[in-house]
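Dropping the structures in below, format is structure tokens.
Each of the next two complexes has subunit A plus one more chain, namely subunit B in the first and subunit C in the second.
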Partner chain A sequence: MDFYLGLLQIIGVHTLLGLSAYVVLLTGQVSLAQAGFMAIGAYVSAMLTVLAKWALVPALLTGGAAAAAVACLVGFPALRVRGLMLVVATLAFGEAVRLFFFNFDYQIAMGGIKVGPLGGEGFRQIRYFPENGWTTFQVMVFIWLTVGVVMTALWWMDRSRVGAVLRAVGEDEVAAQSAGLNLTAVKVSAMTLGGFIAGVAGGLYAHYTTHIEQGNFNVLVATFAIAYPILGGLSNVFGTLAAVVFIQGFLIEGLRFLGDWRNLLFGALIVLAMNVRPGGLLDAQTMSKGLSALRRLLDPAYGSAAARQAIDGLKDAGAMFRRLIAKWKGAFGA
Partner chain B sequence: MLELRQLCKHFGGVRAVDQVSLRVAKGEIFGLIGPNGSGKSTTVNLIAGLLLPTSGRIVLDGEDISSLATHQRVARGIARTFQNIRLFGQLTVWQNLWVAENRDRQQRAQPVMPRWFWGCEGDRERLGIALEFSGLAHKRDDLAANLSFGEQRRLELARALASQPKLLLLDEPAAGMNAQEIEELDARIRRIRDAGVTVLLIEHHMELVMAVTDRIGVLNFGQKIAEGSPAMVQNDAKVREAYLGTAAA
Partner chain C sequence: MLFIDLLQSIADGLLFGATYSLIGIGFTLVFGVMHKINMAYAAASVAGAYAGLTLLKLAGLPPLLVIIMACLAGAVFGLLTYVLCFWLIPLSHPLATLMSTVGMLLLIDEIVVHLTAGMPVNYPTVMGGMVSLGSFLLRGDLMFIFTIAVLAMAALMYLIYRTRLGLATRAVSQQPVAAQLCGMRLGQVNALTFTISGALGGIAGSLIGSAVGLLSPLLIAPLTVKGLIVTVIGGLGSIPGAIIAGLLVGAAENVFQFVRGVTERDIYVMLLLFVFLVFRPGGILGADPGRN
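What follows is the complex of A and B.
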């Protein structure tokens, strides 16, 4: 049971991480700095609960705010460059943050033992949850409540003018400028919001693992952060969630029984998923189809229609695969 | 209203715009014409702020705006459309209008957060009028990418008007249109002018330019070679030379 609770915790934290990259991606920016913001949130909030004995929620919010402040500062110079240059700039920043924590010692004695971050050894004894008697289940619920709040907020933001503005900048910067939008303000705001969400994700991560070190926030994590929204699709926040479940739940944990073959399949299945669903795992069309199917399922008058719908859906999937195979055959000249 | 003073834009050794001086009066429709590559689009980009001039000044209502960023010029009342339509294809028709920042100072003074999330007070009416003007009210929630070519042109025009400009720059709005659509465009441009907006029209389609404009400036190789009423420009020897070449003699 604890395994599944642990998996749900990982999925929750990674969903937040993916959503932090989602916000930035909406403006067309690819940021590899999200792991760095996560590290800042993790260290700041853990130091607040462990060393300053703060309560959890204010510590998480402060960690998020610290990450947001850094993201805002980084945003101004970084967003002057575009495309690949921005990727390199944010990558360099993320590594700089990681190396900062590699060299960061701040320990104080508490009850006979020294606690606090200790360079390469990391930050041990983040014991807020055990000390306050939280069970794994309660921690999992707390993480998912946070995910729920963030997803609701972003879902609503997507439908407000802000969502349209972010997407407009992502689609065509020249047209967005000419419609009167201040590109720098929009991009830096997105970066700041993304930094905040990544910081909160880091704080949650630090507290449920109880031990963090610089290696937890490396380039691989940053790559995952942008892979989720790209794989899931940018039409809505649920795409990111679906991608995290797909990667963390299915590819990493679900295929563990395959042993070493899993690593080989991992990349191949991501490529396959992007090939089958170029608009993202959950594109706008699927989403509206799914919503109307759900509505019909809940309506007793359409009970049998829903079953037909499900069969049609399977048929669609079959046709999709046949098309794909035909395409590949063509590619090999068969 | 708008004044260009010895405006220059050089790309390396190429003088795309060279010492151009123009005055556009308030409330008129000013046409800017010239053969391909004569610097018309560069001039529009300079006025809109997408390019910064090498030298010279751009003055709007007595204020030097030469070094302002594009969005600041929109805030001062300059809006534009593009030669190759640039809409936000994955946004709906309504969202395309909603994105446009409002110039009205009173509305810009409203608190930032509600303005960002819901738009200014009175947005609905203002955008409703722009939507009505574009004739796309029935396609309010369609994606802009799914509109037909003519509808996309109309939507882009409506988006430019949504920011309530004083000066509207139209970069070849008739490109790719048929005769009937051009007639509609003619009427639309006049309606915009009648609503108190000054129009700067860059266009290749001579019938439209001659019919709708009050005055015309002619560019060739980045320099202004003529300025005056449509009739004057049509009979100008230099203009004929630029368009038709010199007589073999």
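What follows is the complex of A and C.
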């Protein structure tokens, strides 16, 4: 049971990470710095709860705010360049943050042992959850409450004027600019918001794993962050969630029985997915098709015939499956 | 003595920087013709070096030929990257090719880890020894690397600026539509560019292998980051820029290592990139800043 709770925690944190990249991607920017922002949030909030004995929620929010502030600062020089240059700039920044924490020592003696981040050894004893008697289930619920709040906020933002502004910049910068939008302000805001979400994700990650080190925030994590929204499609926040479940739940945990080969398949499946569906798994077209199919099914006048057909089809398949099982059992003499 | 040591580390860095130049050229070539980044490039280069070594052992050839073998294998990997990650994906989805090459990067990385069981492999050092010039010592293997890299760059320059194929490549990078109207096959030129950049990557991979003395999948990530930094500092799409930037990054890296130690070295290389982004966003020899 704990395994599945743990998996749900991972999926929750990675959904937040993917959403942080989603916001930035809406404006057409590819940011590989999300792992860096996550690291800042993780270290800041963990230091606040462990060394300064803060409560969890203010520590998480402060960690998010610290990551957001850094994201805002990075945004200005980095957003002078566009597209692929930004990919490289943010990649370099993320690595610089990781290397900073590789060299970062700040330890305080507490109750006989020294606690705090210690360079390459990382930051151990982030024991807020065990010390305060949280069960794994409660931690999982807390993480998913956060995910729920962030997803609802982004869903609402997407459908409001703010979302339209972000998408306008992402679709066509020149058109957006001539419509009177301040490109730098929009992009830096998106970067800041993304930084905040990534920072909160980092804080949650630090507290449920209880031990963080710089290697947890490497290029691979940054790649995952942008892979979720790109694979899921940018039409809405659920694409990101679907991609996280697909990658973390299916590709990483579900294929564990394949052993070593799982990792090989992982890269190959991404290549394949992008070849087959360049717009993402849940792109705008698929979403509208799916929605209209759903509407047709629910519409009594039109839907009843289609639904009856579908149910008949299912029944046929069920009967076939049963026959197959009966045959199989017969073959083994059961 | 300090001054001499500093000069020494600059010299070593410049010599090793030639391999960064080669990787940077590979990124920049592909960017030039397709306006896309091939994130799998450094991984394919390292894989080319591995495959070169395997071919060498299979054929029982002298160690010097490892570079040629790696060059051939790298060319194959370059073409493979094009076919798998670019060929079928429409150009109107810029994120899709970025993601597919990232997938390719992970795939190549895992194949290498899988086949070598994650252990570093010894790589033949083609030339050892030291050359002393007064109080300087120049490492023989680094000098050799530098020479081969310069030869490879010269061959590339000849190919790009003196042959019909190079003419086609340059035409496509300037105006793909016009080039197509003049009867050039875009797909063919793109595939050839990938093959050439892959061949250069194979050379770079084998040179790095012989300088470090071993090959490891751990080389892939830093090499990708450094190669991209070189490409941006040099100016996207500019081959001479990538050459200068590679030497610059190589030298700067060694100076930072000398001054601040190996663990902090790469932070300053990243900061160097940000200095360029702030003061010269187009790179050293970039065409126009912020071009997408």
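In the analysis below, the second predicted complex is superposed on the first by the 275 of 334 C-alpha atoms of A that agree within 3 Å, B and C clash if a C-alpha of one lies under 4 Å from a C-alpha of the other, contacts with A are read in each partner's own complex, and residues count from 1 in each chain.
Here is the rule we go by: a contact is a pair of C-beta atoms (placed from the backbone, for glycine too) under 8 Å apart; a residue touches a chain by one contact, two chains touch by 3 or more.
Computed from a predicted model, the values in this text were never measured in an experiment.
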When the two structures are laid over each other on subunit A, do subunit B and subunit C clash or fit? fit
First (subunit B), second (subunit C), both or neither touched by A:30: second
Looking at the overlay, what does A:223 touch: subunit B (first), subunit C (second), both, or neither? second
Have a look at where A:211 lands relative to subunit B and subunit C in the superposition and call it first, second, both or neither. neither
Is the number of subunit A residues in contact higher for subunit B or for subunit C? C
Partner chain(s) touched by A:289 [first = subunit B, second = subunit C, both, neither]: neither
In the superposed arrangement, which partner chain does A:89 touch: subunit B (first), subunit C (second), both, or neither? second
Return first, second, both or neither, reflecting whether A:77 touches subunit B, subunit C, both chains, or no partner chain. second
In the overlay, answer first, second, both or neither for which of subunit B and subunit C A:124 touches. neither
Look at the superposition and give the distance in whole angstrom between the closest pair of CA atoms, one from subunit B and one from subunit C. 12
Go through subunit A and flag every residue that touches subunit B in one model and subunit C in the other. none
For the subunit B and subunit A complex, residues of the former touching the latter: 48-50, 69-71, 74-75, 79-80, 82, 86-91, 95-96, 98-103, 116-119, 159, 162-163
Can you list the residues on subunit A that touch subunit C in the complex? 25, 30, 77-78, 80-85, 87-89, 91-93, 95-96, 99-100, 102-103, 119-120, 218-220, 223, 226-227, 230-231, 260, 263-264, 266-271, 273-275, 278-279
Interface residues, subunit A side, partner subunit B - complex: 157, 160-162, 164-165, 167-168, 171-172, 174-183
Interface residues, subunit C side, partner subunit A - complex: 31, 35-37, 84-85, 88-90, 93-100, 102-111, 113-114, 221, 224-225, 228-229, 231-232, 236, 263-264, 266-267, 269-271, 273-274, 277-278, 281, 289-292
